[in-house]
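Structures are listed in the sections that come next.
Here subunit A shows up in two complexes: once beside subunit B, once beside subunit C.
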Partner chain A sequence: MSNLLDLLIAGLATGAIYAIVAVGFTLLWQTSQTINFAQGEFVMLPAFLMLAVMHAGAPFWLAILIGIALSLLLLGLGFKMLLVDPMLRHGVLPLAIATMALAIGIKEAAKQFWSAEASPFPSIIPGGDVTIFGRVVALQSIGVLVLAILAVLGLTTLLNRTSIGHQMQAAAQNPTVARIIGVPVERMILLTFLINAFLVALASLLITPIYLAKFSNGEVLGQAAFIAAIVGGFNQVRGAIAGGLLIGVVDNLSAAYVSTQYRAAVPLVLLIAIILFRPQGMLGRPEERTV
Partner chain B sequence: MKPVFLASALLATVLTGAAIAQSGAPIKLANVAELSGGGATVGTNWKNGIDLAIEEINSKGGVLGRKLEVTHADSQSNPGVARAQVQKALDAEPYVLLGPGYSGSVKVTAPLAAEAGIAQIMGGEAAELTTTGNKFLFRTSFGQQSSMPKVAKYINDELKAKSVAIVWVNNDFGKGGRDSISKEFAKYNIKVAADLSTEAGQADFAADVSKIKAAAPDAVFVYVNEEESARILKELKRQGITVPLVGETTLVGQKVVELAGDAANGARGHVGLTTDAPVELIKAFRDKFVKKYNYVPDHNGLKGWLAIYMIKATTEKMGKVDSKGFADALHGFTITAAKEPGILMDATFDANGDIDRQGFLVEIVEGKQVVKQVLPKLGN
Partner chain C sequence: MTAAKTLKIGFGIVVIAALIIVPMNFNRYGLFILSQWAVMTIAAMGLNLTLGYAGQVSLAQGAFVGIGAYTAAIMTSSGLPLIGALGVAIVLCFAIGWILGYPALRVQHHYLAFVTLAFSTLAFLVFRNEDWLTKGIYGISNIPRPEIFGYPTRRPLPFYYVCLGSLGIVSLAVWWLIRSPWGRAFIALRENPVRALSLGIDTRRYTLMAFAIGSALGGVAGTLYAPLTQYVDPVPFHLSLSLDLLMMVIVGGSGFFFGPFLGAMIAVLLPEWLRFTQGYYLMLYAIAVILLLIYSPTGILGILDRYISERRTKAASALRAVAKAKLETAP
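And then the complex of A and B:
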């Protein structure tokens, strides 16, 4: 039982990071029909940007700020203007393929510029332990979980409680009507890309101290977040959050109670089951397309 | 008659010139290593060690007056790619093949080199590699059959552990180590409290460490590659595991210390080679390496360096550059540091290509390897 509690806490901490990345997936899909297969690499890159700034002599806090700013510029604005806008007019599939190419490009560039070797990355959460229900739990696990929950709460507050959030939702649900009632749709879409860039930078900051900074980190993260988004519901932010947490917990429990070798297969089995029996995801809503 | 004489003289001149050119031509070596992928730390250190040794030897006139030249190919830490790269390298008829470092890649490439009759000096440590009768394969470090008995003895005699959790990576290297250490534990009646297989490149060890915590062993034996060692050390610290952590070179290497930071403190292991060894020649090697590459190498840097000096010493022993005779000349050969300082410590190569030399038991103290015991060469 105590072992189960350890596994649940560790799984929730990792799952919360998957959730942040999965939320980015769903936001991009809802506002611009973009399936970003480079999302994992988007999480990998900010850590390297921060490391580069630190190597230039900047303190960690400044590196974080510059890293986030660079992420907004490259993975938000640059991604939208240089890849999504030109490709989207050719359809969703060419754009999806273009993001696959981008994933390979980012991964290889990171390997080329930095190194194929892993690098250590400092943690923003101090080391140490806390006791919960008589169990000693690492402060880092709790910190990751708390920061991720705060990020998700902040995002949902922005979307549901502010004028900008309502405009973003309007732009996502029906861009034509939104334009008629005066919503600056293009600006709202750009804002979504910037939010996604911020979320991946935050995820990078939280996961890299555990995974170490390595060019190949995006493979695992991208796949986990993609599965989380589909399992939870690709068209609902709350679905992506639930999916992320579920995948994190399922991954850890399957590694402990099924087999380490098959741990990667269990979330995929869950994905297949969801597609077969509830294609809209756990919390998603069915979508109909007109032709 | 005169034209015939002139033609003969011309032919003789051309042939002599060709012979001179041949004797002065560089000796070509081929290296296939893990320059990217999960084994990038291994392959990069190995490659840098090779390049450094070649640079030094060439600056002193080369081997038998000929320069050494090496080509590097990337196996991507993938046995399939390694096999293709080795085949390509052998097609260019190198004097000696260097690498790979991963046992799984060595296993699939060794038959190719043997078939071509080219000696292969590699970094793999799986016990089975030198038990197949391959007469062309040579180690640069101890095989598991040499190192695991020492580790098990240390766990039994010094740590007095009665139960141990084994964490191993699910590949040829890890499986070989796990099998060897389990056999040794059985001899000492040490119980295996948990037997945990992990994957190469695994990023998240939370579940594995939870299992260790639940098993409550007296010690943990960790046998995974360097990057995974760093990740699991961090997770072990995160989950508050305080029992002794013991492993081999891959647990206490420089790269692991760099990646794991504080979490590496207290980790102990047997290392065949360490740049912190109390050996003057190794210290000098370390200084040269740091000067050129600006970081402290792990044992793989030493292995790459030694591979080149094995070639130099063996070739000078033969007195000629003879690819076909190389393996025979190295079998049973003892290279002494007195005669060839580049070999750093006296080393003997047996008929299977296994190496015998002194080893070390180290512990990570405040981010540095501290040698606790020097284990003498078995043949002494």
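And then the complex of A and C:
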């Protein structure tokens, strides 16, 4: 029983990171039908940018700021202007394939310009343990969980409580009508790309101390976020959050109770079951069929 | 016969002759790469049938290549002939593809991609973990190459001809298939499933069929892959192979018969040509693919198609202009 609680907390901590990445993923899908197969690589890259800045002699806090700024510039603005804008009008699939190629490119660039070896990455959360209700819990897990929850709360507040959030939702749900009532749709789409870039940079900051900075980190992360987004509901932000937490917990529990060999299989079976019986995801709305 | 058709057939004969004659003095590595091109083209043709003609996105083609390769490796290592393994692989992949197609009936486009993605990873886990069958991460080595009509193909050149010959047979079969009523039903399925259904096409059966046949061709590619590398382990059949195959189909031009040939050429040969750039070659490959897709989202053959249709429109409007001028000058 005590073991189960530890696993749950660890699972929620990784799940919260998956949730952040999955939310970014669904935002891109909602506003601009972009299935970003490079999302995992987007999480891997900011850590390397921060490491590079630190290598140049900057302190950690400055490296974080510069890393986030670079990621907004490259993974937000650059990604939208250079890849999504020219390709979007040709449909979903060519763009999805282009993001696959982008994933290869980013991975190889990290390997070539940094190193094929895993590098340690400092944590923004102090190490050590805390005792809660007589249980010893790693401060790392608690910190990650708290920061991720704060990020998600901030985002949902932005989307549901502010004028900009409402404009973004309008732009996502019906761009034509949104444009008519005066919503700057283009700017809203750009904003979602910037939010996604910020979320992946945050996820990078939280997960890299645990996984170490390695060029291949994106493969696992991207797939986990992908599954989380589908399981939760591809077209709902809160679905992606629920999906992320669920996948994190299921992943950790199945590693302990099913088998370490088939650990990765359990979320996938969950994915297939969800798609077969509730294709819109746990919290998603069904998408209409067009003739 | 029109001049254009003669030109096309002539060009085809030249290419086939070149594929037979030119590699004769290639070294072992060159032949290996060319054989790999032939094998990947077969797998990509299967995916092109599923994706390009029937419009169903599959991210599991690499898993079917893996199933075929393991079938061939396990059967031929225990002394059974490759042709028997080929039969088993085709039946197995066809059946699994058929079952995997069922979700396609319930959900639409991108959800299907996710189911096949999950299947791809599950298949990889089975290859890696079921030691009793697949020898796990150590893999199966010393896979024998077949004898064709009593003629051994152990050396690289004869085996290259086995791959090329198989590619030829598969090409003819696919060529026939897409011109048959089935192929037309596949295209109807891609263009407008609801309309196809209301025209009396059994869309359920054709969707499953498109999946199953595409997957079976993946299995065919796998049965050639095993004796080509003579060593099979789980690594090459990771999800990335499925993504690579999808990229080949899109880059070559999905829905074009010759798309997979060009796509596989770019995916297999371009990284080799770029090898002189050392560590940068995959990066340059990725950039090349992105630039190509930005320039022409319908792939290489899309460029050609656009050029030809532009020329036709120009020719047609020129004819119209002449006709109009005649009408005006006539009293």
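Note that the second predicted complex is superposed on the first by the 289 of 291 C-alpha atoms of A that agree within 3 Å, B and C clash if a C-alpha of one lies under 4 Å from a C-alpha of the other, contacts with A are read in each partner's own complex, and residues count from 1 in each chain.
Here is the rule we use: a contact is a pair of C-beta atoms (placed from the backbone, for glycine too) under 8 Å apart; a residue touches a chain by one contact, two chains touch by 3 or more.
Owing to the predicted nature of the structure, the values given are computational and were not obtained by experimental measurement.
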item: Three-chain arrangement built on subunit A, subunit B and subunit C clash or fit; value: fit
item: Which of subunit B and subunit C A:111 touches, first, second, both or neither; value: both
item: Partner chain in contact with A:93 - subunit B first, subunit C second, else both or neither; value: second
item: Touched partner set for A:261, first subunit B, second subunit C, both or neither; value: both
item: Which of subunit B and subunit C A:211 touches, first, second, both or neither; value: first
item: Which superposed partner A:10 touches (first subunit B, second subunit C, both, neither); value: first
item: First, second, both or neither for A:129, with subunit B first and subunit C second; value: first
item: Centroid geometry (CA): angle subunit B/subunit A/subunit C, rounded to a multiple of 10 degrees; value: 70
item: First, second, both or neither for A:174, with subunit B first and subunit C second; value: neither
item: Nearest Cα pair across subunit B and subunit C, whole Å; value: 6
item: Common interface positions of subunit A, toward subunit B and toward subunit C; value: 111, 261
item: Residue numbers on subunit B that touch subunit A, as the complex places them; value: 35-37, 40-41, 44, 170, 196-199, 201-204, 206-208, 210-211, 213-214, 227, 230-231, 234-235, 237-240, 255, 258-262
item: Complex contact set, residues of subunit A against subunit C; value: 35, 37, 83, 86-87, 90-95, 97-98, 100-102, 104-105, 108-109, 111-112, 223, 226-227, 230, 234, 261-262, 264-265, 268-269, 271-272, 275-276, 279, 287, 289, 291
item: Residues of subunit A that touch subunit B when the two form their complex; value: 2-3, 6-7, 10-11, 13-14, 111, 115-120, 127, 129, 136, 138, 140-141, 209-212, 214, 216-217, 220, 251-253, 255-256, 260-261, 263
item: Subunit A contact footprint on subunit C (complex, rising order); value: 57, 103, 106-111, 114-115, 117-119, 121-122, 125, 128-129, 192, 194-195, 239, 243, 246-247, 250-251, 279-280, 282-283, 285-287, 289-290, 293-294, 297-298
